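Quick heads-up: structures coming right below.
Each of the next two complexes has subunit A plus one more chain, namely subunit B in the first and subunit C in the second.
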Partner chain A sequence: MKIEVKNLVHEYIPGQRALDGVNLTIEGTEPLAIIGQNGAGKTTLVKHFDAILRPTSGTVVINGRDLSELTCAQWAAQVGYVFQNPDNQLFLETVRKEFEFGPRQVGMDEARIEKRLKHVAELVGLADKLDVNPADLSPAEKKFCAIGSVVMMDCDVVIFDEPTCGQDLEGNARLERIIAALRDAGKLCITISHDVKFVTRCFPRAVVMCQGKVLVQGPVEEVFSQVDLLKQSFVVPPPICRVALGAGMSQAVFSVDDLVERVRKERNNCE
Partner chain B sequence: MTEQAGGARAEWLRGLNPTAKLAAVLLLGAAAMAFPSPVLGACLIVVLFVVAASSGMLAPFAKLMVGFGIPVTIMLLFIQGCYSPANVTFIADLGFARLGLEGVMSALQTVVTLLVFLGGFYLMNETTYTGELVADLTSRGLPPKAGYLVLASLNVVPQMRRRMATIQEAQVSRGLDMEGSLVSRLRATIPLLGPVIMSSLTDAEERSMTLETHGFHLNEVRHTSYVVVHHARADRPIVVIAVALFVVSLAIRIAALAGLIAI
Partner chain C sequence: MSEAALRVEDFSFRYRDTKRYAVRHLSFEVPQGGFLCVVGPNGSGKSTLCNALVGLIPHHFTGKLHGTVSVFGSDVSKKTIADLSTDIGFVFQNPFNQLSYTANTVAEELAYGLCNRGVPRDEMVVRVEAIAHTLRLDGLLERNPLELSGGQVQRVALGSTLILNPKILVLDECTTQLDPLGSEEIFDIVRALNEDGMTVVMVDHDMERVARCADTVLALRDGNQVALGTPREVFGMAGLEEQGVDIPDFVRVTRALSASGLADGDIELTEGPTIERVREAMGR
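Moving on to the complex of A and B:
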């Protein structure tokens, strides 16, 4: 999997650049988080990955194919997109129909749909609610219904826009499992999130955006070590990471165990 | 309807008081309707063109007026000109029907009146923030609830359209083909109407709860507004001229009906 973005500019209103020349190459299938302030251009950027938006200028090439070669509906077979607000996505009478809608649109055969339905319903925790109307689900369940309906399509790339929004601890744990399952299945998962703790737990790499540009990108440890750059984008590293960096450690840590380990190591070095 | 519409070009129109603009549009339209010949309406259309040009909106304004005016004129001229029961003086013979002067005049009267209203409302819409109009009307004694009704009904269409676009986007990204023939596009659109209507209802409910928590329903309290209402020196003369035109037109119409003058 390879997504190449070159000099991507997008203007919703002529003269006002929501994306101001983004250059980015995403290779492999390691989960990737996109973080940044509101209005930094995160959603605008990812909406170019399945042609929901078309560039004002610049190019997006996915696996050697230019974005403009196919329509959004045709890209849907390769790139799945879960919208921030599930109410905008769900429109059928039952969860089951929602799950079957996308795969049918992209031409998946019925036997495979049936097989995936079981697996995906289990994964998103809606196995016993398949015949419920999505409107009757709780907001968190709606979100998982929307996620499930896209995961069902078995796309090579799955994009989540703010999946943690409105989720409780259990929901976050489920999201982590979904992202891990996608990774294990060799799918590239790209997620927009404001929750830095969630990002550092689930994503080995991250892109930080600021004012329509990519500010930093790379492994999360490196990204969160660049305190000065992060300040520009108003992204605050998780508390444990700030403690480590504040204490003068050269690299970011994201869990208590890691911090303890690092302190122990540094102490040994001193002795 | 939006504040940025028209950009900085339409500054002077934007600076006018919204109620004055509304009153002027209504009065000028009514004057064109009352005047017993299309001449006044035609003159007013010329004036509206000048106003549009002076605010840098000539191109879109002309597009609207011509785009609406020509088909309506042709249609009305044909129907009323050929088939109006008032026709006595025939000015042309088309073979299958004869064109009557009375019908032509009445068609032209209708067209110019429509165009005066259309053009006036267009210029007003492009240069007036609806919130400002409602704030101004409310401060002039319009009950806030009625004001809200105006605002809500003006906003509901663009709001539904935006929502429709978002929902469509979400379905297209799940492989729903919205391109292709009209029939296939229609067929793809119909199932999406459900969520649009549902979410509009939810919106209405949420908005009414918000209004309630803001004390909107308290009757004995005077409502205040953050919206700055523009006033300009030209407001009064414009309204006075519009009133005068309307009164004079009406007087001429009444006089003509009473047989005091011949038109």
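Moving on to the complex of A and C:
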């Protein structure tokens, strides 16, 4: 998998650049997080990965193929996008119909749809709600319904836009399992999130956007160690990382266990 | 001692046509000027509790109700929502549920409550401009509320409530569509209002913020009250996470340091003291 973005500019209103020359290469299938303030251009960028938006100038090439070669509907078979607001996505009478809709549009055979449906419904936690109207689901369940309906399509790239919004501990743990399942199946999962705790738990690499450009990218340990650079984008590292850096550790850590381990090492060095 | 702003006594509620009680046997008080944070997993009854505090239960949502909720000593079920709204302001979880859908501009939306109360136009204009300034909505006053971003609509929803100067403010996860910086701005405003004496009840999933802001924390699980006390008391309880209630990472860190023999002492709730504890443990 390779997504190459070169000098990408997007203007919703002529003269006002939502994306101001993005250069970015995403290779392989390790899950990737995109972070940054509201209005930084995160959603605008990912909407170019399945041609919901077309560049004002610049290019997007996915696995050697230019974005302009296919229509949005054709790209949809390869790149799945889960909207931030599930109400913008769900429109059928039952969860089952939502799950079947996408794969049918891209010509998946019925036997495979049935097989995937079982697996995906289990994964997103809606196995006992297949006959429920999505409008009657809780906000968190709606989100999982929207995620399930896209995962159903078995695309090579799956994009989640703010999936953690409104999720509790259990919901976040489920998202973590979904992202791991996509990774294990060799799919590239790209996720936009404000929740830096979630990002550092689930994603080995991250891209930070600021004012329509890529500010910094790389492994999360490196990204979150660059405190001064992050300040420009108003991204605050997660609490455990702030504690580690605040106490004078040179590199970011994200889990309690790693922090305790590091403290133990430092202490032994001192003694 | 002055009268409590909110008093909830053995309150249980089951929505009409449902089998399960959404909340059961809740009992607590919020003193005037208090800051209560309500935490717990989705479906634990947090929004139901908010609906009950502001009178939407039983006036709008009907069902089976036991116990009482009182605002400044009077039972909410015996007052009208209009009466209650002079004392208590509510910011909904979904800001689009809060809009009047009769206003063509943000200015009209903000003025909606004042219009209903017959506030003179001159005063209305002054108050709209003041609240717009506080919430950084100055540049948006002539825009259509339905064309704004989610984060902007959340600020309008908060503004349309605050403009009525409520004595009690109830916030149900009111920053879900804002980025971290935008949320902090909102909380700084809410905290300043609380310092000036406004009573605040807030539902929030950000436990570090809860630990920093709240004087009292109420934890719910499956409609039951599982913990009530100061942040230190509640987050210091063993087994809260097993009940699906999140806790601040600073508590996790200081607890793990003690458990592994690298530090002594109680848990810490905020960043500064946690950093100090880690430094000491490192031998610095």
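Note that in this section the second predicted complex is superposed on the first by the 269 of 271 C-alpha atoms of A that agree within 3 Å, B and C clash if a C-alpha of one lies under 4 Å from a C-alpha of the other, contacts with A are read in each partner's own complex, and residues count from 1 in each chain.
Everything that follows uses one rule, which is that a contact is a pair of C-beta atoms (placed from the backbone, for glycine too) under 8 Å apart; a residue touches a chain by one contact, two chains touch by 3 or more.
Keep in mind the model is a prediction, meaning the values are calculated, not measured.
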Subunit A as common anchor, with subunit B and subunit C clashing or fitting: clash
Which of the two partners, first being subunit B and second being subunit C, lies in contact with A:50: first, second, both, or neither? first
Looking at A:140, would you say it contacts subunit B, subunit C, both, or neither? Reply first, second, both or neither. second
Could you tell me if A:248 is touching subunit B, subunit C, both of them or neither one (first, second, both, neither)? second
Among the partners subunit B and subunit C, which is in contact with a greater number of residues of subunit A? C
Counting only touches as set out at the top, which of subunit B and subunit C does A:170 meet: first, second, both, neither? second
Just checking: does A:234 make contact with subunit B only, subunit C only, both, or neither of them? Give me first, second, both or neither. second
Who does A:105 touch here: subunit B (first), subunit C (second), both, or neither? first
Just to be sure I read the superposition right, which of the two partners does A:91 touch: subunit B = first, subunit C = second, or both, or neither? first
Which of the two partners, first being subunit B and second being subunit C, lies in contact with A:77: first, second, both, or neither? first
Between 79-87, 205-213 or 241-249, work out which stretch of subunit B sticks into subunit C after superposition. 205-213
Pick out the shared contact residues on subunit A: the ones touching subunit B in one complex and subunit C in the other. 85
The residues of subunit A that touch subunit B in their complex are 50, 52, 71-73, 75-77, 80-81, 83, 85, 87-92, 101-102, 105-106, 135, 149-150, 153
Within the complex, which stretch of subunit B touches subunit A? 163, 166-167, 169-179, 191-192, 194-195, 198-199, 202
Per the touch rule above, subunit A residues touching subunit C in the complex are 37-39, 85, 138-140, 165-171, 194, 196-197, 234-236, 238-240, 242-244, 246-248, 256-257, 259-260, 263-264, 266-267, 270-271
Any idea which subunit C residues touch subunit A in the complex? 40-43, 93-94, 149-151, 173, 176-182, 205, 208, 241, 244-246, 248-250, 252-253, 256-257, 260, 262, 271, 274-275, 278-279, 281-284
